[in-house]
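Below you'll find a set of structures to go through.
The two complexes that follow have subunit A in common; it is paired with subunit B in the first and with subunit C in the second.
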Partner chain A sequence: MNSLDCLFKPRSIALIGASADEKRLGGVVSRNLRAFRGKFYPVNPNYTEIDEVPVYASIRDLPETVDLSVILRPAPEVPELLAAHAGKARCAIIVSAGFAETGCESLQQEVVRLGRELGIRLLGPNCLGVFAPYQRLDTLFLPRERLKRPKKGNVAVVSQSGALLLCLLETLAVSGRGVSLGVNYGNAADIDGADIYDYLAEDLETGVVISYLESMADGRRFVAAAEKLAQRKPLLILKAGKGESGQRAAYSHTGRLAGKYEVFSSIMRQSGIREVRDLDELLDAGHALARQRPSRGNRICIVTNAGGLGVLAADECARHGIEITPLPEAIRQRLHNCFPPFYSVANPIDLTGQVKDDEYLATLNEIQDEYDGFLVIAHTGVVGLTLRLAELLTVFRAASGKPLVAYLAPGGITDQLAKRLEKGEIPVYPSPERAVRGLSSLMNYGQGPCK
Partner chain B sequence: MQVTTEKLRRFLAAHGNSQTFLEQEVKGLLRELGIAVPSGVFIPAGEPVPSPHSLLFPLVAKAALPGVASKNDIGGVRLGIRDAAELSVAVAELEKIPVAAGVLVEEMARPGVEVIVGGAVDPQFGPIVMFGLGGLFVELFRDVAFAMAPLDRRAARRLVEATKGAVVLRGYRGKPPVDMESLLSVVVAVSELIGSGFIEEIDLNPVELYPDGALVVDAKMKRRSQESW
Partner chain C sequence: MNSLDCLFKPRSIALIGASADEKRLGGVVSRNLRAFRGKFYPVNPNYTEIDEVPVYASIRDLPETVDLSVILRPAPEVPELLAAHAGKARCAIIVSAGFAETGCESLQQEVVRLGRELGIRLLGPNCLGVFAPYQRLDTLFLPRERLKRPKKGNVAVVSQSGALLLCLLETLAVSGRGVSLGVNYGNAADIDGADIYDYLAEDLETGVVISYLESMADGRRFVAAAEKLAQRKPLLILKAGKGESGQRAAYSHTGRLAGKYEVFSSIMRQSGIREVRDLDELLDAGHALARQRPSRGNRICIVTNAGGLGVLAADECARHGIEITPLPEAIRQRLHNCFPPFYSVANPIDLTGQVKDDEYLATLNEIQDEYDGFLVIAHTGVVGLTLRLAELLTVFRAASGKPLVAYLAPGGITDQLAKRLEKGEIPVYPSPERAVRGLSSLMNYGQGPCK
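Entry: the complex of A and B
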């Protein structure tokens, strides 16, 4: 299998179905591709130029062989258009819908056959293609006013569904997080999830992969690729279609119990591949893994100034099998001696409404060797807390090298404080429970399968 | 894997075109693969009960049914047979079941920890193995784990330990742990049978686990019509 550089890092692109009309999909993609760093060749027999960029009547007319061609024409035209790609493109994204997903299996097979014959790798059909901010490559047919694009980052988003890709990209963009790549592979007639995992395992810009999956053609190849990728960088998979269970009439017990999802999930677990339960968890865990290195241990300490919020977090820890071990007696004593008597020096440690910035740091410094990770909860409405807290936590986190995430209760300085924490690579979550789930993705990482 | 496949090939060749096999036939194959099954004799329909025989009471008598029928559903099992007289009665009754090809008489298995080891062909992953604790664990809690066949002993152990019920195997409430090595041999054998590509489904249910061994009490197997994989 060759590298998919021609798809994800192309130097030249053709757009079949370019348009000057920004109300049409071809117009939107034309506009998006004008920012592309390499050479861009719009193709459409009805134009000679679009915004002073020369337009070609056919891909045959291009002066060079392009790395990537994006085909944005109705499905029935695709075979003929693709046939014209002979010797003119290394790979192609078929955006067009109306293939196997609508029952037109034969049309899809014809396209696959053509791709093989011409030696052109195909993404799609029925897909949005690629968003690669490092190349300024954007084949999404949604205008930027309608869908915010995330900045450059280290998270790759791999989605079988187009809508899910958009949803994830928008969410990441709005929360100021960056991606290395976004890709929607649709019907996976040629390039599938496993191919993309293989590529991402080698991709230097990608540190974490979050992936939405509905089905796969070859489970064994998928597991092999996912296993290899997960050994190099965190991979989080959200599988849809969990309800399908093995109720078919079968000769044996095994056959009756072997629902598609149960089998998938069980095999993932034993292969050490992380599955998340829902969209929130996919984003929350991805958020943490994009910023911090996982820890091998499983013991955390919660430091809060709001008792109730600490208790909610502790409850969530229990649900995830994260240990909230009590403080060693010596540390308890030391903290007790330097704090007012009404601070609760247990785990969670409750620094109460009287807390000052420095007391968070003093506490963390005391406990840092005893725990594998930290959850800081702050109700920022109290007068003792200032934006300086972000600086203290950032410095502590960087020095300790251990996972630390935060939840800030809503309040006057919360937004600003959150921004500073995020800048200091400390993920901030919208609820204590989600903070725990984010932290949990960083805990116990090295233990491998079967946990 | 190769040894298993070779023995399976010979077994299939000896059984012509049948899609399913009688219990004692599957058990014969397992015994050849070094898996323990209860001592027993098969009495073909219409033949007299051999006596004296070498089996130790109490015995169990089961109607041998071809195809997919379930013995229990049609009253095809007699448990706790204490002597020769009871055995004659049981065999005579079971032989009256119209489709019965005969009666399998076996020594009763001592109670141990019951588990299921099975194999099937999954549309996404091809041949897979299933492990689960028997009885309620499977029926009610669906506490089972799957893996891609074939498995080596390490992967077999990982499969077994992927179930919540695995704690029971390690000795629970003062009970001694079961013989894990014998269990792993059963799992590996099933994984090799299903992994051969010749089998559609196989179900060893229950397998009784003891501190000193594992015994396959009931076994079903179905041939794959299309020998892909």
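Entry: the complex of A and C
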């Protein structure tokens, strides 16, 4: 068993601070954990049962040693509660706030010391813990009415900030995308980002890792773990606390210095780890990498039916160093011969408002060997486009094996078409520029950073 | 009457190519124009009436000289049709494509010459024309099932590209925002961007202008018109065709050279005209400027209940040169005294997950004189936040008269709260970084560009 399997794939869980009252955090988590696949032991001296599940007065009373204990009691009670875990738990999530982040350093140190003494690995304190849909493990203290949960998928979300984990999970859930794991590690008193990266490098359910980060205790160890992970699967990092004011903000958020951003960024670049600029880009790049295999090449072709949208996309490509190389003359000639004279056969290729579904496919077939990736743009309000386009693009993409993403202008049949493209593993983005940024995460792969 | 009132506020309209068949473009536009506030004359030799409205065989047969004629017939027929307009129309929109943009320069020149001879101003060719909700004027040939129309508002949308006009109108409609006017001027053979800017400088219904642009025929005149407009009301320009590939793309789209982008950009900067980076920023900045008065100052305070989101916002401020100055010590002390010790009283101010509605207001009241603008960030999944927050922020914003925008993390009560804030003239953005970009359009105003 991997050392963190007890945290991410436990077979048994205790909840210290279980409650029958769903208005309390303990009640929300009790409810979430009733769906857990393994054995669940609620612990609370004031109950004997909750919804016909027997409740234990102390973790000492459990009939077995649990893999994971979730501690949901006020900070001052935590040391005594943790001491009672001796021989009864392999690891623990300390959800409670009120440790180093509020200046209570000594309380946090005491807890770390105890964990070490007892051989119990700790996540937190001051964290939301783990959402692991394959295990039906959910320690997030927000009810489902307040936070939608994403379905099963291949993206792991690793966040130092709780709010960011919630933002990312809700956004993924609303857009119908899945995760393999969501974790917020808070104060990182024991288990930190590096430990989690080490675990995810081996995790079979995880294909891509997206990670929000403000600071790290041990930079060298963090970089080593990130590098190792990035060699196995795509790792995208959003590092916050960049400018002076951002660093000040990060310091008062976690009580840790964010460190010189330029140094961090240059190390990431040298290690081939992809750093993203903002929250949208973290999601957009993660979306592309969760669906398609990246390409080592860097030359793309834009196929559009709306000239202006192609121009905006071309501008964005220039900002990301993606090459929009001209069409080879022979291909240009062949396309010119089979299309009406007012189609613009260059790169971008503009099939105009007269386009029919099949002409997108004919174009892509003609150019597929010349380019490393494709951006399909469509204004779907025109009469020649139907939902069949999704089928044609899906089949083309799967056969070509090359990156292909789409931007569909709002209106027309866009909503339905987007759903079908997404089903066909083609990511659809909400603006031409974001589509380019999504595609850029699939280009120039293993050749250093994309920007 | 302003020279372009005949185009944007006509009292009478002829439609050359009217049709009863709503599957044809002429049928769609006939239907749209039946809602027009003024007099509508359908023209088509093959009909005598459409839905009980009498149809004229030729524009020559109309009982009056119309302000506006909309020509929806194939390009080769246009010169003859236009010649028949002698004395019968003050201006015309030539919707038809197949002129300079497809290489038919001479056909376009013939039409321009005819227009001049007859004293008829021309919009187009190769354009969608005008959407003017105050006049119920709608020449867009997309049925409402394929393109939603925005309600009445104070934003004018001016686009060289038809697809971009449609994108912008649909996005505004879906998000419940309004426009004063939407216009796509296509090949700009006669009326161009500069003419439209001149008109909008005087237009009482227009408070803000957002404009998509690839190229201009007369750079000097364009800049003069843009400068004059920008002195009256905010003008935001998205110039496409920036890099080498983008310029090539713009050239094949409109048959015009996009010009050296750096030169354009530097002139815009010197003239105090705000250039935006991409489509999202055009919408985001337009949204802020449509709702609130900009400030000449540049110092903002971020009030959040989620540390990480505050840090990301602070990072984005640094990119836009917005100052996040520290709280004055006296204010810091006062806030510290009235809040729990674990609130982080710095800038950003982090009220944590324990926040209650009133504490946002108490904070804003305390800091309002020290800052030029405010970014409110809220994770609304926490129990202390209710819809009352919208009311408190709306009243504060109206009283302070300073810019205030919001980012609400997804989930919780965000959807309802966002709707109420928007009603209260507070723009709500879909990411912390976009909120900062929206706010940045309101800061540092009249002091040169924000970036």
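Just so we're on the same page, the second predicted complex is superposed on the first by the 429 of 451 C-alpha atoms of A that agree within 3 Å, B and C clash if a C-alpha of one lies under 4 Å from a C-alpha of the other, contacts with A are read in each partner's own complex, and residues count from 1 in each chain.
In this section, a contact is a pair of C-beta atoms (placed from the backbone, for glycine too) under 8 Å apart; a residue touches a chain by one contact, two chains touch by 3 or more.
Worth saying up front: this structure is predicted, and the values here are computed from it rather than measured.
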First (subunit B), second (subunit C), both or neither touched by A:Ile267: first
Which superposed partner A:Asp278 touches (first subunit B, second subunit C, both, neither): second
Partner chain in contact with A:Gly411 - subunit B first, subunit C second, else both or neither: second
Subunit B versus subunit C as contact partner of A:Gly219, first or second or both or neither: first
Touched partner set for A:Glu170, first subunit B, second subunit C, both or neither: second
Touching partner for A:Gly310 - first (subunit B), second (subunit C), both, neither: second
Partner chain in contact with A:Arg420 - subunit B first, subunit C second, else both or neither: neither
In the superposition, subunit B vs subunit C on subunit A residues touched: C
Subunit B/subunit C common contact set on subunit A: 250, 252-254
Complex contact set, residues of subunit A against subunit B: 215-216, 218-220, 223, 250-255, 257-258, 260, 262-264, 266-267, 269-270, 449-450
Of all residues in subunit B, those that touch subunit A in their complex: 20, 68, 116, 118-120, 122-126, 128, 130, 132, 138, 142, 144-148, 155, 158-159, 161-162, 200-203, 205, 220, 222
Residues of subunit C that touch subunit A when the two form their complex: 97-98, 101-103, 142, 146-148, 159-164, 166-167, 170-171, 174, 212, 214, 238, 240-246, 248-250, 252-254, 278-280, 302, 306-312, 314-319, 323-324, 326, 341-342, 344, 346-348, 350, 353, 379, 381, 409-412, 431-434
